[in-house]
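In the two complexes below, subunit A is the common chain; its partner is subunit B in one and subunit C in the other.
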Partner chain A sequence: MTQPLLKIDNLHVTFSTRRGLVEAVRGVTLAVEPGEMLGLVGESGSGKSVTGFATTRLLDAAGRVTAGEILFRGQDVTKLSGDDLRHLHGAAMSMIFQNPRSALNPIRAVGQQIADAILTHKRISKQAAHAEALELLRAVQIRDPERRMAAYPHELSGGMCQRVMIAIAISCNPALLIADEPTTGLDVTTQKVVMDLLADIAAARGMATILITHDLGLAARYCRRIVVMERGRLVEEAAPTTLFNHPRHPYTKRLVAASPTAHSRIEDLVTEEERGPYAEIVRKPKLPQAPGTPPLLVVQKLAKRFDQGAAAVADFSMTIAAGESVGLVGESGSGKSTTSRMICRLIDPSEGDIVFDGQSIGHVPSRDFHRSPFRKDIQMVFQDPNESLNPRFTAHDCIAHPLKRLVGLREGDALRQRVEECAQRVGLPLDLLPRFPHQLSGGQKARVGIARAIACRPRLLVLDEPTAALDVSVQAVVLQLLDRLRREDNLALLFVSHDLNVVRMLCERTIVLRNGVIVEEGDSRALFDNPKTDYTRELVEAIPHIEIETKLAAAAL
Partner chain B sequence: MTSTALRHSIWILRGNPLTGVAAAGVLSLIFIAIFGPWIVPYDPIASNVSQALLPPSAEHLAGTDQLGRDVFSRLIVAARLDLAIAVSAVSLSFVLGAVVGSFCGYAAGRLDRTVGRFVDVMMAFPLFVLAMAMVAALGNRVENIIIATAVINLPFYIRFARAEVNVRRNLGWVEAARSSGESHISVVLRFLLPNILPAMAVQMSLNLGWAILNAAGLSFIGLGVKPPTPEWGIMVAEGARFISTGRWWLVAFPGLALMLAVLCFNLLGDGMRDILDPRMRT
Partner chain C sequence: MNQQQVIGRTVRGTLGATMARAGRRFLSSLPALFGVLVFTFLLMRVLPGDPAVFFASGPNASKEDVELIRKQMGLDKSMPEQLALYLYDVGRGNLGRSMMTGQSVTKDLRERLPASLELTFTALLIALVSAIPLGVLAALKPGSIIDHGVRLFCALGVCVPTFVSGLLLIYVFYYLLGLAPDPTGRVDVFTSLPPSRTGFLMIDFLLAGDIEGWWAALKQLILPAMSMALFVIAPLARITRASMLVSLGSDFVRTARSVGLSRRHVVVTYALRNAILPVITIAGIVFSTMLGANVLVEKVFSWPGVASYALDALLSSDYAPVQGFVLLMASLFVLVNLTVDVCYGIADPRVSIE
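Entry: the complex of A and B
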């Protein structure tokens, strides 16, 4: 048995905050072998990133290692200082951060930045460093590296920036790479390419990697060993197959269940207690539509052109029947947000028409639509729950606002009752209603956002990536909630997302959008099982699944 | 609601006692401004040449000036005028600037560009010279000092409000307000404006000190309040003639009053941001 490269022993990290000391990591013990890729998985607040930061000695000034040791090649990292510490950063271990764009210096060419990293640790000439930087850009498979050397971060896409970050991180051949959510925020296809690249480079150079992520599927695809953290503690450590097939710890069980797979149904995502009356509702068959019922929403040849330049959306047509759920899928820049806002009548289409309940609403200017009788029938749930609530409104005010404006209720018992009823429907505890958004958790804010959208009993709900910013266990509960509302109220859902697993579960039909044009549409299951176009196939294949055989089996050969 | 706000304010003050000192300073300034004329020991205008140019003593705390008027009494009475000019000028530019700036930041596009260039032109002017020109053209009256001070402040408020609204205009809760049936105008006035108020309040408080200095400056060069009205700027201007003969109290005390007033407003501005920001409320 060789000595592990990194050995963390009973690590405790404490942060001093305004409300006293908070223990972020409480006794983590783990080891990383040379050349291994270890997955460190947990939800927000689990202490996974703090563990990574403590290992690289990049902890925030408020954080302190209070107990335990971090042995890197037998040397305690927590006691290093001066030159030893400088050598540790970059040359011995390096880190890849979540948001590549903010981690790069915006006013320096990327080639320069890679050369800077090399020059910090090696005594070589500038020319030699430049040549090495070029080599690195080639290694991270950036096309046309000679030209990209002089590019600035804003001229590169998110995926390209992350490749540059990887190039910087591997520039001095570190023995350990810590990747903190390296692909969160990237499109699913880019995510796959970047992660494949990272895995290949690590394998080729014999670097050990700690992959910190909230995405079990991603960790399962690339790691042979996964460590699960919850509230600063390590709860389970196992190989992916064991972890998914026989999770032992209750938290891991919940996490595994909540992570959507290719075959999971919404009711599978949550535990028995959380499911509650939902099981009954799902079993009830859907009311058959009377034949000849016109669809609730008809969108005809919708197009949007911004001031100058190409169309953001072109020739977009679709229909939704009452009680139907339709997924709108695409990568960033595909025009899905623009489309959803046009249907929601927040922005005006350049061409085409929107017919709601038999009446054309596409030609009502969006600035006057707040007076339309249909305003309360079309409501929207916004992407980031942290930004979708007015910071000066309490949860009660947020939910009451549309009721006051669109239903005409006044402050009083009737209004309070309606608000409480909405809160109950979305599972928001009533004692949270007087709180301000910053006093609520992400999941609670998401519920307030949904409660606000359903307050006026709309007939069409447009959801713009409502779960993208949420932890998987919260996402599972929110998805179940949405599906229940659809079934109970015959509410039509237009679900905009880049997460295909989620769309597959929630939506009966799916529309795939690329560069503002519909690429493919059809029944969700059929579309995902047998994609007709290459683009859809690429999207489907890029989703990290918990079926782990593929990648690992390939690597074993 | 009110009690939690009060408790929160006390909590903030405990963490930052300087804010408490500044608040006490501003409060006593306001008290002096209101009740000044009734609490002064001497008539601030009546001259008494036999008592001229006396140094500070127990009888005349800040000495007397060339006409034998008590400098301390004049300082106290002047607070009302200086404060009134500063508060009305700043309120005027705040209201106008916040509204215009918010609409510019929200609408972007042509309105924003037009107003933006206009603001640029104004800011390219030496602002104090602009104020001098305005007072000279409009006439040497208190209203005109207020208008001039408000106008030269306006560009800062417009820019500030514009930038603050601009970063918020595409946030989810703004769009949510629209889908809850608000028009563009009410989104700006009832949703965005209240949200930028904490930041604006800080700006206002800092600006009050500056406005006091500006009004005093105008009076100092003879384009403001006319003697014998007590006003800190004129007092400094009149006293400056005697500084070479060692009568320092004529300049030092009004200067000190100005400095303390400006300092209090500035410190209060920083403290106010902490109190008004709802994210700090726990």
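Entry: the complex of A and C
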């Protein structure tokens, strides 16, 4: 096998946007052997997905291959058209997309959608296609496939939808499968199941796979060879072991450092120059709490029932001391967001009480809580920095808003000073303050969100997946910022996340939720190193760990 | 096969849920209907004009005559009394008697409603059949000549009022080309009407097996229907284009392309089926507006429909027909909304779960 299955040579892709031409991919050269699984890793804007879309000829109308060639079995894909292109799609190469639910037709039964794909490339009867679709559903291990054939995407979970998507992609036995962030947005355990399935299917059918992901750990777990992209260029190509132990390119070094692992500490995530004043603060020992100090927050037997009657959260009790950081982890639907919103007093609990600083606040209706003196003591940072900022407010207005409403500051020098002080503390350059959210990057928006939350000098900060939408390198900086703020202000953090590696680093204590009930809680390090319940163990083991994999690989060599 | 049973059960479940939803929606619209009833009643009383004077035989009718007519009409009673009487009558299905035609309003409406409905349905059909392909074509090539052409056509359609386009159509097709029959009523004078079964001439002629009559009625129908359709093609085509653009740019269309489905399959089965949902809503609204607003077209083409009937009644302060008309329109509006709901439930499986 001298000729690779896919050979991309000096690929350039340009997008025409309102601000002129943007080069998304600038000279990528890579090759994929038959049956191989190649990891294509990079952060947002690195051009990894664009490379994938260019290969399958699914670029938006605005995108164009301006130079280079993509040879698939020796044939230049960029020059195909009409029927050749249609034959290429599905029969020769196919794609699995991010966000499986929207990638499936919402008003067509999933069995029908698989059959559609089969019928396009095979001249068989509808019944035969139907039977084949059923076989495929079985192959992707969907339980009760006969019944699921008639299901619509909204009736299936995200992981199930992704299995259906895989079934569609493999329906005509393509030689190349391009998986674009196939598990982003799925729970860790689901991610593991789906990725294992994908790897097994690809191996069993001899399909070559390109795994496009931002998650180095994931790529390391499933790929023999990883290609790292940065701003449209290929910066490094190596086996996972080499990549993690001896990264050569500075970008790869930063990426490897920023990827949280089982043993990394927050201070390791960023390079020396980004660390700045953080190092000294970490070295300062934490002030010991005077014995007998009551905890800042006590939650007693909290429960929330929504209309249907099933409890989203039941019998939830916890405490947080001042300056303590507590992680709340669990899969989607475990009730962690509901709990955090009840503690923030954004929704009302059905039962139980919340005591903050010795006073019960659980019975204040959430509608009136904005008038409570404790509103400025409990603040929240929301999941999506894009959605949680008012698009018509500048960064300055966003940060000033709580100061005006809760502290009662008027427009003027005092307010401006407070806003600038907050911006400085979160490391937001002051010249960005007059900008609107759409003029800021994801990391800058996250900083605005945090600045807004700390503007009133709260004592408890509730963070709902604050870094889920961020790239790892930005996440590293944000985590470090949060930890610094906690140490400086003796701020208590309640950190809601599904990313166990992040929780392990940031939080001293961790609570594991499942179906609205606490499964396990305790000191973070102990809990992650020695999980007591099967569920926690399952969660911990599902995280793609870089170290463990590299050790295994080293042992195998 | 087992498979078939499963599909059957799901479909039945969806239909059942849709029906239950439609029923709930119907019940919740009853108060609105009642409100419409009371509101029109009061409105008619507030409007200037004394029907008793109007219907007294002449301008020099004596005071006693007017008084007598007033008593006959029940106008001497207090307002609440009149309202109670009116509600009682409506409850029994009696909408009163028209002073103009001397017939009961129910009978008048029953005679004229099919004419209006036939016209509106035809117009809506023409509008949908032309608007959806136009919108799809425009969306497939946004910014192209076709797109701009469709936009221009839509703009013209909206900015020319129906009575102007109606007159233009008459001028071209009747006066200049002589293709259309003279624009008076539902059939020309030489054609004898078929026995009335549904009231819809297109159906009645077919039932009677009278193809020639059917053709004559169709020729009468086509021009007014066209001028009404021209007016509503624009909103339908625009919404089709917009939702088609969203649909074509969506992830699932990309998926369909990625597995190599044929272009027709992608555009029709994947994109259009999804894009049609907002079009259904707009079509419902358009239909309701057309029913009431086609008075202009009915006047231009001497079409014996309910709208021109109500206008005549309004001009002569004939309370009962106007009230009956408004009630009819409100009920039709409720019916149309129910139909849209049911269509939605069938077209989109996500709607049926609540």
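In this section, the second predicted complex is superposed on the first by the 546 of 557 C-alpha atoms of A that agree within 3 Å, B and C clash if a C-alpha of one lies under 4 Å from a C-alpha of the other, contacts with A are read in each partner's own complex, and residues count from 1 in each chain.
By our rule, contacts are C-beta pairs under 8 Å (C-beta built on N, C-alpha and C of every residue); 3 or more make two chains touch, one makes a residue touch a chain.
For clarity, every value in this text was computed on a predicted model and none was experimentally measured.
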Touching partner for A:Ile107 - first (subunit B), second (subunit C), both, neither: second
Partner chain in contact with A:Gln379 - subunit B first, subunit C second, else both or neither: first
Which of subunit B and subunit C A:Asn390 touches, first, second, both or neither: first
Touched partner set for A:Lys253, first subunit B, second subunit C, both or neither: neither
Subunit B versus subunit C as contact partner of A:Gly449, first or second or both or neither: first
First, second, both or neither for A:Pro402, with subunit B first and subunit C second: first
Touching partner for A:Arg537 - first (subunit B), second (subunit C), both, neither: neither
Shared subunit A surface residues [contacts with subunit B and with subunit C]: none
Subunit A-touching residues of subunit B, taken from the complex the two chains share: 171-173, 175-184, 191, 194-195, 278-279, 281-282
In the complex with subunit B, residue positions of subunit A that touch it: 18-19, 341, 344, 346, 367, 370-371, 375-376, 378-380, 382-385, 387-393, 401-402, 405-406, 436, 438-439, 449, 452-453
Subunit C residues within the subunit A interface of the complex: 2-3, 6-7, 10, 250-252, 254-262, 265, 269-270, 273-274, 347-350, 353
Sites on subunit A touched by subunit C in the complex: 56, 58, 85-91, 94-95, 97, 99, 102-109, 116-117, 120-121, 130, 134, 146-147, 149-150, 152, 154, 165, 168-169, 171-172
